[in-house]
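Same chain, two partners: chain A is paired with chain B first, then with chain C.
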Partner chain A sequence: MEFGPYLLLACLEGAVLAAVLALMASGLSLVFGVMRVVNVAHGEFYMLGAVMAWVVTSVLGGGAVINFVAALILAPLIVGALAVLADVTILKRLNYDPERTIVATIGLLYIIQQLALMGYGPEARPVEPPFNTRIALPWVEWGEGGISLYFPWGLSTTSYKLFVIAAAVVLLAALRLFMTRSRAGLIMRATQLDGEMATAFGIPVERVYALVFGAGAALAALAGVLIVPIQQAHYLMGGDALLLSFIVVIIGGLGSLAGTVVAAVLIGMSDGIISVFFTPTLAKIIATLLVALVLVFRPQGLFGVRER
Partner chain B sequence: MRGKSWGAVVALHLGLVAVLFALNFVLPVYHQGVLARVMVLAVYAIGYNIAFGYTGLLSLGHAMFFAAGLYGAGLMGLHFGMAAVPAWAFGTGAGALLALVVGALALRTAGVSFMIVTLMFAQAVYLTILYFGDITHGDDGFVVPSVSRTLAGIDLSQQHPRYLVGWALFSAALLFSLWLVRAPFGRVLVAIRENEERARLLGYDTGARKLGALVISGTISAASGAAYGLLFGYVGASFAGVQYSIFALLWVLLGGAGTVLGPFVGTLFMFYLIDLATEVTDAYMLIAGVVLVGLTLFAPQGIVGEVRRRLWRDLP
Partner chain C sequence: MLKIEGLSAGYGAAPVLRGVNLRAEAGEITVLMGRNGAGKTTLMKAIMGLVRAEAGDIDLDGADLAQLPPHMVPRQGVGYVPQGRRLFADLSVAQNIEVGLGAGPKDAASRRAVRAEVLELFPRLQERMGQRAGTLSGGEQQMLATARALCVRPKLLLLDEPTEGLQPSMIEAIRQVMVAMRDKGLAVLLVEQRIDAVLGLADRVSVIEMGRNAENFSRAELTEPENARRLRGHLGV
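Coming up: the complex of A and B.
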């Protein structure tokens, strides 16, 4: 394959990664923004989403489309409910102290991961995509008769991958509308700005926190359900996903949803393209060092504005 | 605090050192091996405790210092056939240097950012070990050659010399940290942990002291890593992973952050707990998770911290 089509392919794969990453990272960002809690167990909620998708699919045993739709609705609900439970039983009792909640969510990470190992097992299992037509993509060529379109061999994507990108765009737009236009979103933003003042105005801050924590986990689970037909569900899949979402959230500016989305696209796309030129390990080294240095020298993120 | 109670404190710590020495001659082989490992790893926890327990620097990346010692010593043995003492010193020095560089950068941040920055630096070190697989043998790791595992003609892989060298290192680290926390430098560290603004207002250069604490902490962690590689003979990338950073946190929290004996007590308890769990299930890290959550919820002081709170208020 020539370079041009190859780059397009890398961009498409990068866009799928960016879509999933944007969903997952916006969950992490939402939780940090409203609650000031860094949820280290976020990757495990993503893993749980993928595993739940497999569970729902094998319990239901219907057609691929019905299974998938059921998983898309049920898995985030179950995972969100679990997260609410974790918030009420653990995080609330720590008064959301930043350092102690990190230690507690590290504990939560191991509890969820190891319970998944015990219940689900060490195997990686696939989930059938609801539709998976191969779509050949055209590429332009300067021929003798001017511009002509042709279909290079190997340049293709699947309808499912395009669906993942579209679904992420729709969901993120819905999330933004929800945060800016709805009353619940207003309450969340009020709590984010000043928790004490929100309490004084009669906002049940603790209930808001529980719901935000649940919603953040549900977003991660949603990303997990979307990715599982492409990657298989495995009990250790949360680790890399967590690292990538951290990178995205930090580059985008902690707690800023728009920055998170921009950073997800940047990281997702460049991950695809960098991996073409460097080995994945070197790409990861560069990314982790970059994040550390961003936090040291530009704590507001590359796109954020300094607070206050 | 000086006087009678200080004498009792010194007696307690020297007593532990003496008991551990005596145990070498009475313990069955299996438990002697476990205790040797616990003592060397407790040195790592003692190092972590100086940063986390006494200075309030919650690092999530101390495995990089442990690994710097482990690989510094191990690679010198593997590639250059260096003898045990210089290899150990090289590993420890590598850890000190790494701590200086990482500290100079990471200490520009605080709190949650500091945790994430240390986590990211440690991840970069871990990935670097994997990336240079030709030299480090990556995930598989390597066995330290026997030429680096002899000290004055004594084979360190034998159980008694191994135990006694581990004991000597542990005793030195324990007594050093006992001295440090009562020295003026250690007092300032505690002041920084309790209220950094006030410490600065009193005229202390808190930045320099935090860097000093992190370098001491990283150096002790590296000394433990270097000794671990030379005494137990295996060097692998898993020791540099996130899990080993979490272990240090777990051991110190369980034993009691900001107590001299805590790191040893925590390491001992957790080691036997996980040892028992591995016999039952593969998912032994579940125990680590449950203990972490349980500790943050119900006993943030840890075991020795509770003892201090209820029974012995002067315990350092």
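Coming up: the complex of A and C.
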């Protein structure tokens, strides 16, 4: 394959990663933005989403489409409910103290991981995608007869990968509308800006926190469900995802949804492209270097606002 | 209306308020005075439930505010204009008003009525509904903070140094709103440092010193030069 088609292929792979990453990182960013909690267990909610997708699929045993739709609805709900429980039993008792909650969520990470190992086992298990048509992609050629389209061998993607990208775009747009237009979004933003004043105007801040923590986990779980037909569910899959989410959220600016999405595209695309042309390790090295540069020259992130 | 008895409160181990008594009546402006650090803001926060009362009662028309979860206090009809305004800076003027209305009337029709009524008091806000609250001028921010509190449709209005850092015309505007609210029958509890601003306005003045009651003056008492001099003495001016 020539360079051009190869690049297109890399971009598509990158876009799938960017889509999943944007969903997951916006959950992390939402939780930090509103609650000032750095949720180290966020990757485990992603893993739980993938594992739950497998569980729902094997319990239901219906057709691939029905199984997948059920997983897409049930897994985020179950994981979100677990997160609400963790919030009420652990984080609330720590008064949402920024430092102690970091330690607590590290503990939560290991608890969830070991429970998954005990309950689900060490195997990686696949979930069948609801649809998986191979779509050959055209490429242009400048020949003697002018521009012509042709289908290079090996340049293809699947309908499911395109669906993941489209689903992430729709979900993120919905999230943005929810935050800027709905009454619940207004309450979350008021709580984020000044929790004490939110309380003084009748907002039950602790209930908002519990729901935000649940919603953040549900977003990670959603990302997990979307990725599992491509990647398989494994009890250790949360680690890399967490690292990439942190990278995205730091580059984009903690608490900024727009920044998170832009950074996810940046990291996802460059990861895809560099992995295809060089090695995945180089992609991680460059991403981490980028974080270091952002931290040195623009600590609030590309889109973040300086703390007032 | 508001009856505080033996209130002790503070932050962590250090007590700030040590057995404070205070009353605020409907249709009156009660002014709370005291030196910097006396505990005026802490008292306001204790009424709002933002600082936990360790001892004592905070009774508002028979409801003990100290026993309520903090977010239920505004629903009892308490509007709070905090020191330093504390607006939701990244939200628009309209959204700040919306947050205030959230603690106000439940049904949409009376919400709209309250909103219209409040905005009528502050025409300048009406022209700036889409602007971010953080970009308003100091005077406009104070108007918005007051409007937000009035959206709760309070029977008790708390204002913590609302005229701090404002030019005279703004101070006059805020003062007129306070007088209008008093005449509507609200209990107004005002923290104010400047004696000249207080003398013509207050129906009652309570002075606290180091977290304890020092002295109370009625409007009539303040007209006597001797009492005005004593008040100045408490405040060290």
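Just so it is clear, the second predicted complex is superposed on the first by the 299 of 308 C-alpha atoms of A that agree within 3 Å, B and C clash if a C-alpha of one lies under 4 Å from a C-alpha of the other, contacts with A are read in each partner's own complex, and residues count from 1 in each chain.
Basically, a contact is a pair of C-beta atoms (placed from the backbone, for glycine too) under 8 Å apart; a residue touches a chain by one contact, two chains touch by 3 or more.
These numbers were taken from a predicted model, which means no experiment stands behind them.
Contact comparison for chain A: of chain B and chain C, B touches the greater number of residues.
In the superposition on chain A, no contact is made by A:A64 with either chain B or chain C.
Contact with neither chain B nor chain C is seen for A:L137 once the two complexes are overlaid on the shared chain. When both complexes are overlaid on chain A, the residue A:V88 reaches neither chain B nor chain C. By the touch criterion stated above, A:V205 is placed in contact with chain C alone, chain B being left untouched.
Contact with neither chain B nor chain C is seen for A:A167 once the two complexes are overlaid on the shared chain. Partner chain C is touched in their complex by these residues of chain A: 183, 186-187, 189-190, 193-194, 196-205, 308. Within the complex, the chain A residues that touch chain B are 38, 90, 93-94, 98-100, 102-104, 106-115, 117-118, 122, 239, 243, 246, 250, 279, 281-282, 284-285, 288-289, 291-293, 295-297, 299. The touching residues of chain C, when paired with chain A in their complex, are 48-50, 69-75, 80, 82, 86, 88-91, 95, 98-100, 102-103, 148, 152.
Residues 58, 60, 105-106, 108-109, 111-113, 115-117, 120-121, 123-124, 127-128, 130-131, 242, 246, 249, 253, 281-286, 288-297, 300 of chain B are the ones touching chain A in the complex.
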